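Letters A, B, C and D mark the chains as written, and numbering starts fresh at 1 in each.
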Amino acid sequence: MKAVTRRTFLGGAAATAVGVAGGPWVLRAHAQSGPLKVGLVLPYTGAYAVLGESITQGMELVFARENWTVAGRKIEMIKEDDEMKPPVGIRKTEKLIDSDKVDILTGPVHSGILLGMRDKVHASKTILIVSNAGADDISRAKCSKWIFRTSFSNWQPNWPMGPWVAKHVSKEVFVTAPNYQAGKDQLGAFKESFLASGGRVIGEDYPKLGETDYAPYLTKIKQSGAKAVYAFFSGTDAVGFVRQFDEFGLKQSVKLTGAGFLVEPDVLPAQGKAALGIISGHFYTPLLDNPTNVRFVKDFREKFGGKMPDGFACQGYDTAESIVRAVKATNGNTQDKEKLVAVLEKTEFESPRGQFRFDPKTHNVIQPYIYVREVKEVAGGLNNVPIDKVADVKDPGTGCTLPA
Amino acid sequence: MPALLAPALLTIDALTRTFGALSALAGVSLTLEARERRAVIGPNGAGKTTLFNVITGQLPPSGGRIVFDGRPITGLPPHAVARRGVSRSFQRTNLFPRLSVLENLRLSAAAGAGGSYNLFGRVERVTAPLARARETGAAVGLAERLDTAAGQLSYGEQRQLEVGVALATRPKLLLLDEPTAGMSPEETQRMTRMLEGLPRDVTLLIIEHDMDVVASLADRVTVLHYGEVLTEGTFDEVKRDPRVYEVYLGSE
Amino acid sequence: MGREPGRARLPPSDRVPVVSDVFAQALNGLAYGVLLFLLSVGLTLIFGMLDIVNLAHGSYYMLGAYAGVTVLMMTESFWLALVVAPVAVGVVGAVVERLCLRPLYRRGPLDQVLLTFGLIYLFEDLVKWIWGGRIRSIPAPALLTTSVNVLGATVPSYRVFVIVFGLAVAVALWLLVEKTRLGAVIRAGVFDSEMAAGMGIPIDRVFTGVFAFGAGLAGLSGVIAGPIQSAAPSIGATILIPALIVVVVGGLGSLKGSLVGSLIIGQAETFGKAWLPGASMLMIYAVMALILMLRPQGLFGRPLK
Amino acid sequence: MARALGLALVVAAVLAFPLSVGPYPVKLVQEILIWGIFAMSLDLLMGYAGMVSFGHSAFFGIGAYTAALLLPKWPGLLSALGAPALAAALGALAIGFFSIRVGGVYFIMLTLAFSQMFFALTFQNAFLGAEDGITSVPRPLVFGVRISSLGAFHLYLITIVGAAALLLHRIVRSPFGHVLRGIHDNEERMQAVGYPVGRYKLLAFVIAGTVAGVAGSLYTQFVGSISPDAFLWTTSGEALLMVIIGGTGTLNGAWLGAAAFILLQSLVSSYTERWMLILGLTFVLFVLFAPGGIVGALRGRVGVRS
């Protein structure tokens, strides 16, 4: 190791630091005039980087189709890694708004970052298109005229599953989700409609977020005698829960149902056979047979080396599609924010998930369908096969007045 | 000879300390008059350093009592014992290697002087400890080396500083644990002359192997053997006692 | 396969825990406790033997999981992965010890702890670069995918295997360290390296060997935990805190302490999840705080100076 | 030399980024100032008292949450600085009381575990906003003026951070500071010459915790929201990185370490996803080759920890 003398090492470190520090401001300064700047606040490191990449790829597919220009303006995508940490996400948002002066902001994945940046976005009248975070508040008490959402509110995928599970699966259900806000939102929506359809919640449990050993909870479920479980888990939690659910032999006597995230493609491969037969509700599955989705799946797999698109990629696609159509409608003018909002409110197009529309009352996407899907072995391996659907699912939007 | 009426400065009564089965101190009793200079001798493992560690509170005793200057100090933590006026030097040099000689001495001098919780004053302006530090530095023959880091001193100089740091706290009783260990003959000479030159109001209790040093310094000698006091008396009395030879020769 | 008949039962919330419920949860606690032991034993060994707090312990666990995934992709054999992965991680540990830790031995424990802290960032991003961020998993071996009925409680057979395997590792390590000549050589080498070097023991190789062995143990636990948990770049950081707490509670450097500490925490956490759902995240810290107040050096740790 | 370096740096921070450069670079400097003072408070512990704490985020978090809870109701300086400092001081007294009894590696473990306990508590506490924490925290009113504008906050921040830095510099030169250095060099001898070492270590722990609490509350005001991550062990780890890269036992090294970390995290990450790898490698190389950190290297004592 002595070969690296101290002088050369420190000299090198100092040089890179100066080079790096000077870099970005010089680059940004003179590219003010023409391009349409789209900011992305997404996780590109850590466990949720997979979601950040899927959403970004969905957007790139659309922009590439428009060969990166809309209404004569070159599209410039500025990606910022929020590391799933609210302070970092907020700092990067301020950079995109104040320093890069982006025309349209998109992201984030983490609801905490969304709630953290909401005031800054609202105050600076920057148009934000939420491409994932599902915090219900953003389409209710904390909605804003400048904030649209193409992904979902936590309420939407779960509410339709209440009646469906009561009717088709069982009236005695054990519900469980991680002990954090999104978990409570999602189960709350399910319970609201499930109880209304005559169902009975015979057990409820909230393991900690990032739990690794679900054995005690699974033993409680077995002992409760419930016929079915409705669960919301995502990421490594979803992998752990589904695999241990199977390991404990619960699949014979208890039917596992839940929100779509439980078995989305970011976790399904790792779950493997343990996920077979799981029923979940979501606004998208790659197996939808509408023509837009067929082309979307084909183009996506071609562009990204056979990778199967998932709900997150569809959210990216719809975000980019909304931007392209809105900017075309104002033929490139993004300074007049009022006009841009008006146009966005009326944006309507064929999305892989069906007919895409924003709810004028909440600027939240109206889900054309929430599909009820079951995990089955199909040609390309395990996938979520649609077996039923509920149309036009709109978030109740209680308390939203779209303040300017 | 010390005044008969003056109360004993240090009284140790049946002091014991065991490490599991081994009893390092098996009931040591010893009385030290003010202004007296006592040497403690005995073969290795006789319990000399353990005795020091128990007196200064580094090691809690298993039994017995210690009274210093009329008040019990048995089991007090080291810093409380030091505050009572008992100071010690260590057998293995135990200084502040990265700090200067002056700072080593100043820290020790400032210990009892209070004001060390002062968060805002400038340390240079607190003059008393600085003066004491320079004075002690000169006393131990390190006047020209005050700005050198203690770690850079020669072995002999470090032993001098070892005594200096113990002296800087203005102790009533100074415990010296083999102050001349590992020194060359004329370094030992210089250390002995320096210790003799110390003011009489500092009572000395010295652990020493070098009999010439014991002869020239100690008024009385206590011989420890297997954690017990074998005998006690002036250097000549002890020298003539056959058991002392047996103990030294037998166990060498 | 599972012969557990569906039984009508009162809703769980308002009935007294029946004996078989308690037994089932105790079994879960035992399985989780033994897994915690496997996760932390490498950390204890390295500290006990080398006085190094290896904060990058979680990274070696993660590397073990990913090595297991890779071996499984190539050979479809869990058992081969169980052997190859720890060896591979051990080699990585040896390289790290030789290149990074050795120059620091004369500089004391602080620098070593800080170095291992830097390695956490390094390994996490390296793994993401090589294997990508996708969540992967290690399927349980074919013969251990069923669930078994033990005195009325259903437990996955893989968890029974983990209990048996974990306790076997504990006994083997105890024998190795306490009873074999190699163990004596290692302990001598660490206790007084100058003396041992003087007696002809190749100290450098002993230290590298022990560190590699500790890292290999962490890699082994990565493969063992594979079928229960999943392999993602974040799992290294996730298991570091529980492993540290088990080691601190059991007593730094004490093998026995690590086993007892992990069994206690395994039961406490499982008890918390089963009957005190709100407090499940706090149980591990409550146990730790309680024990450290009473015995700062932990249950079986060397007494402090 | 260190004092001159420190003053020059602070002045440069004010002048080099006039507000015309645009808000983002100024915000980077503000974040560097906040993380710098947080790291400097850790350096008082590590560099001077020789107490390596892995739980310094506990006080950063306490200060941050106290400000987040109080500012919406009483936006005065008391809830922006006074209460957070006091809350952090009490937290440091409690954690310190138990942690000081042990040293070295046990101290590292205990402080790490305590900060994680606070993380678990806030993560599951609904009143504190659980995992999303508390959002939309208003800026304080200083002499009746709400300092929401960039320039006003910049001035407010520099005054407070500058004052805290000067306080730490004074403490380090005071008799108390010298006692800390003595304890760092040889705790046993300090005890033997008459210093009740435990009390000094606890006082140093409380002072460092208080300054960390102020840094935490400034962070809440700067970002406008706070999440349980403030307590996470990675926050303590980042402060540790800054102290080591800057140079332990120099106080002003914290500015350089904070600048290096923030620039690396903010700028390099826009260029490459591999910024964590670069950060880890930089840190490892510094521990191996430049234990004195940047300041140590500048002073030519690259090999010896100052």
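Everything below uses one rule, namely that contacts are C-beta pairs under 8 Å (C-beta built on N, C-alpha and C of every residue); 3 or more make two chains touch, one makes a residue touch a chain.
Not measured: the values here are computed from a predicted model.
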Ranking chains by how close their C-alpha centroid sits to the total C-alpha centroid puts first chain D
Per the C-alpha centroid definition, the whole-Å distance linking subunit A and subunit D comes out as 35
Chain centres from averaged Cα atoms put subunit A and subunit B apart, in whole Å, by 74
Distance between the CA centroids of subunit C and subunit D (whole Å) is 32
Going by residue number, subunit D touches two or more other chains at 123-124, 276, 288
Where subunit C touches two or more other chains simultaneously, the residues are 103, 125, 281
The positions of subunit A in contact with two or more other chains are 1, 45, 49, 179, 208
Pairwise, the chains that touch are A-C, A-D, B-D, C-D
Within the complex, subunit B is touched by subunit D residues 170-171, 173-179, 181-182, 185-186, 188-197, 200, 203, 207
The subunit B residues in contact with subunit D across the complex are 56, 58, 77-80, 82-83, 87-88, 90, 94-99, 103, 106-108, 110-112, 115-123, 126, 165-166, 168-169
Note: in the complex, subunit A contacts subunit C through residues 1, 45-47, 49-50, 53, 179, 202-203, 205-208, 210, 212-213, 215-217, 219-220, 222-225, 227, 235-236, 239-240, 243-244, 247-249, 252-253, 266-267, 269-272
Listed in rising order, the residues of subunit C that touch subunit D in the complex are 47, 51, 53, 100, 103-104, 107, 109-111, 113-115, 117-126, 129, 237, 241, 244-245, 247-248, 252, 278, 281-282, 285, 288-289, 292-293, 296-297, 304-305
Subunit C contacts subunit A in the complex at 1-2, 4, 6-9, 11-13, 21, 24-25, 28-29, 31-32, 35, 99, 103, 125, 128, 133-137, 139-140, 145-147, 153-156, 158-159, 225, 227-230, 232-235, 238-239, 269-270, 273-274, 277, 280-281
